[in-house]
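Taking it in order: structure first as structure tokens, then the write-up.
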Amino acid sequence: MTSATTAGRRRWAPYLLLAPMVVWLLAFFLSPLVTLVMGSLQSGSFQEGFVFTFEVANYVHVVTTYWPWFLRSVAFAAIATVCALLIAYPLAYMIVFKSGRWKYLLLVLVVAPLFASFLVRTLAWTTILADQGVVVGALRTVGLLGPDQWLLATPVSVIAGLTYNFLPFMALPIFVSLDRIDRRLIEAAGDLYASGFRAFRRVTLPLSLPGIAAGTLLVFIPAAGDFVNAQLLGSVDTQMIGNVIDSQYLRALDYPTASAISVTLIVLIIGLVALSLRRARTDELF
Amino acid sequence: MTATEQVGVVSSEVGAIEGDLELRGLVKRYSGTTVVDSLDLTIPSGQLFALLGPSGCGKTTTLRMVAGLEQPDEGSILLSGNDITQLRGFRRPVNTVFQSYALFPHLTIFENVAFGLRERRASDIKRKVERILETVELSALAQRKPAQLSGGQQQRVALARAIVNEPQVLLLDEPLGALDMKLRRQMQYEVKQIQSDLGLTFLHVTHDQEEAMTMADKIAVMNGGRIEQMGAPEELYESPRTAFVANFLGNSNLLPGIVLGHESELAMIDVAGQQVRVPSARVHATDQSVFVGVRPEKIRIARDHDVAAAGENELAGIVLDSSYTGIGTEYVVEVAGSNETVKAFVQNDSVRERLAPGTSVRLIWQLGFTFALDGSQDPHAGEGTAVGADTQHVAAVGARGRAARRKRR
Amino acid sequence: MSSFGARRQLDLSGLGGMTRRQVMQLAAVAGGSLLLAGCTTKPTGVAPSNGSSSSDQIIWSNWPLSVDTEDDGTIPSLVEFEERTGIRVEYLAEINSNDEWFAKVQPLMQGGQGIPASVISPTDWMGGRFISLDWAQKLDKSKLANAKNLLPAFQSPAFDPTRDYSLAWQGWLVGIAVNTDVTGKDVRTVQELLTDPALKGKVSLLTELRETTGTLMLANGADPGAFNDDDFQQAIEDIESARQSGQLRRFTGNDYAADLSQGNIGACLAWAGDVVQLAKDNPAIKFFIPDSGGVLMEDVLMVPTGAPDTEAAHKLIDFYYEPEVAAQVAAYVNAVCPVAGAQDAMASIDPELADNPLIFPDAEEMKKMFTYKPMDLDENQARQSAFDKALGL
């Protein structure tokens, strides 16, 4: 074999190795995405058929008509993310540091709800937040809810559903990053005069930031596009952008509008994520 | 709560640190095993004190109890006369240099070193940190992160981070273990320098007997949760009181013998039918049955016709094996009339032929280098557990010799 | 000394003389050309070709639990069908909503491949859409001897007046479901439902366009089978005022069942069949056809174009028009049964159900039931959009 052919083969090798992944990405990621974008620039109707006319007006229509839904979805998702963080962090912390030999069992329990169908999980909240239920009863006793007020079919129940459904996705990354922390670092902090809380604040918390960042993304991004929780736990005033896409696509059969809303949502989420990542600068942590 | 109250007794100036560290009757048990067995120890201030022993002897546990990372089951710890046993770890004026360094990966070197100072809200942090970084010669790397430093540099950061807090006692948990030979020797010297320059009390835990002997002012040899012997390195090396100490520090020959009697401050001991004299003060045994000890490098090998002087002991023997180690030659000599072997280490300081196996020789050494230990203990205790290849090598040579002898017979 | 080793750069230059940029461009063009194929879409593309292979297995696309089902999941009527004809039927419970199911099958039908099911049972208006798109086969009436058992009331629905393409499967009546424990009384009128202050915040309507607007139009005196823009607009405005007054809590699919049982909802629009089930467990739950009339929808039996086995499909449809079989199904599903003679057959299965007017309505009862007019795709889109706006979308 001449040196020329081996050199030639070496040039092809990286491409061949990349090929399967590229094909997969093209087929399952890039091509649906491009189809979506192309679809969003079509016009027509289901009856007459849709034709590609580079209809940018679709986007104008979408933004001017549906910006309240975009705003609401981002707000709900953001609140749900914060709630998930506030619940998942102490939970993960307990499991990692305080649970001894029950650690992995408890971890499985945190993930276990995901094995039930999301329908069952979400509908369970109609029982938890029922008008005659414990939660509403307690809130009424304390005076936070009037006798004519309820929790279901309000933003509270939708956000509660979102938080609950995505909690494991916040807990798991935080668990992983907390678990990875070398315990000796915490010992060292104590050796250097940091009390338990101070050691947490100056060592544990900063070292778990990558987990928090990952969890935030894993919760916020799908929550912003969610429609199930609003559908089952919401009301007319709590519909999210996901519900709008659902109705435009399935019921009104207005594919261009549905596609345009989808693309706008993707761009919006990417924009928000990029902005927050830039601010957090997590890549500089280590 | 002021910084002072928070941390217990703290002095404010380097060099004026006072107070001994006293361990009284410390006991620690883990699931049934007693890891530290009623330990009594006083570490005088301003010294570099080494706690030396093989893995599992309890030395690290003892260190962690002083640091406050473990709670003793019994006993107490006193610092400058104050009982700190019940004091939480982060309140003790004690700092540790960990074996793994435990540098905070998310902080710069500066912030790592400043950590303790910040927690105590000390004054003038910048100056103190810069000064200590200069001492360990890492000023240029102050803004880097630990991951960007080499092992040796990280070790110095760990040292600086502990020292900058001017603790009453600095605990070092085998801090040089992860370094290569050359760097380790260098760091041994540097650590010792820093300790004596600053006059701080160091408690240095290690399993490396060479390291302990090089650095320490005083050594306590630990075995099985107890202290076998404590004293200055020379004292431990030249006058061990147990077989463990004799074998753990360097190498030793231990020959079984019977005490025949004493006369003029010498003990007469029968070793394989030959007589050996041991200064009575160096007999650390009460019974008749003893082990006579002399270290290999103390022995000179003489040919048959050489004669021992009055102040020397002499044993006749036959060379079994020899090996050349550059610096010297190790001989394994079988004591005449017995199965016992003696290792002798002879420096190659003159041009001389190597003695061939089978040669009759005389082993001669000065009386004052002999010691006798209680005959009921295991003569091999402490062997092979010390860092230092010599022990293993000689043991292998001895085994070869014995095998060769068996073949001959 | 840096502990991060230098990473070897992947040398992507010089592939067959092309630069990296050119390779990427090539990939983009190749990928892009694949997609342009699917760029223009028309609903009536190539119609799938009909199959008539006599296989011994067919698929029946239907709603979940819309057929007699044992606790262990076996379907006795299909077992019997297989014993008789040797044809095994796979009951594919894939229709959870007409719109969702349409979105799933539409690309296959449009692309000309057809769907794997030989019999489909969507709701009448979706069946009508299939017919208008030429996606439904004309039934061979000579092979449907039992079709004569179709009750007169079902014989000429607006979406398929000559029953050339379909037979009725189950009738779904929409009315008012009440949890009397919550309301303390019966609720028989839509007016009450939407305006009675005692029910404030305890009312829900259905997310389905026809069921909800149909019922509300009836309450205003309009005929859902022949309404105009004003009638429809009025219904939308009624929904709006109910929402603004706080009367209306939310819109539901059939998840009203949970809310109703727990008392979160006191009264709502619901499907009769569901409520009959609920009432068995909780006698406080009742169903009323509104005084102004209720909307009647039907699920159909149709054979899509491109069906793998049209012969077997006809046999299946014919089978379910035997009165005994129809009664067996009705005993489980509890929907309006469109097969004559089934009521008599029911007497020997479950006499109580034989007398149930929600399953076997007599002529008087039928007078209270109205069907919704069929709408073409454009009108459907307009009405649906207006309705969805009222839903908050």
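All chains are identified by letter, namely A, B and C, in their written order; residue positions are counted from 1 within each chain.
One rule holds for everything that comes next: contacts are C-beta pairs under 8 Å (C-beta built on N, C-alpha and C of every residue); 3 or more make two chains touch, one makes a residue touch a chain.
Going by UniProt, the chains are A = ABC transporter permease; B = Spermidine/putrescine import ATP-binding protein PotA; C = Spermidine/putrescine ABC transporter substrate-binding protein.
None of these values were measured; they are calculated from a predicted model.
Enquirer: Any idea which chain sits dead centre by C-alpha averages?
Expert: Of the chains present, the most centrally placed is A.
Enquirer: What are the two chains with the top count of C-beta contact pairs?
Expert: Per chain pair, the contact count peaks at A-C.
Enquirer: So how far apart, in whole Å, are subunit B and subunit C when each is placed at the average of its C-alpha atoms?
Expert: One centre to the other, that is 85 Å.
Enquirer: Using mean CA coordinates as chain centres, what's the subunit A (ABC transporter permease)-subunit C distance in Å?
Expert: Here the centre of subunit C sits 32 Å away from the centre of subunit A (ABC transporter permease).
Enquirer: If you average the CA atoms of subunit A (ABC transporter permease) and of subunit B, how many Å lie between those two points?
Expert: 58
Enquirer: By residue number and range, which residues of subunit B touch two or more other chains?
Expert: Touching at least two other chains: 147.
Enquirer: Residues of subunit B touching subunit A (ABC transporter permease) in their complex?
Expert: Residues of subunit B touching subunit A (ABC transporter permease): 6-7, 67-69, 88-91, 94-96, 98, 100, 102-106, 115-116, 119-120, 145, 147, 161-162, 165.
Enquirer: Which residues of subunit C touch subunit A (ABC transporter permease) in the complex?
Expert: Result: residues 10-12, 14-15, 23, 27, 31-32, 34-36, 38-43, 97, 99-100, 102-103, 200-201, 209, 243, 248-251, 253, 255, 258-259, 262-264, 376-378, 380-381, 384-385, 388, 390-393 of subunit C touch subunit A (ABC transporter permease).
Enquirer: If you look only at subunit A (ABC transporter permease), which of its residues touch subunit B in the complex?
Expert: Within the complex, subunit A (ABC transporter permease) touches subunit B at residues 182, 184-185, 187-196, 198-199, 202-203, 206-207, 285-286.
Enquirer: Using the touch rule from the top, collect the residues of subunit A (ABC transporter permease) that touch subunit C in their complex.
Expert: 11-12, 14-15, 22, 26, 30-31, 34-35, 38, 42, 45-47, 49-52, 123, 126-127, 130-133, 148, 150, 152-153, 231-232, 234-239, 243-244, 247-255
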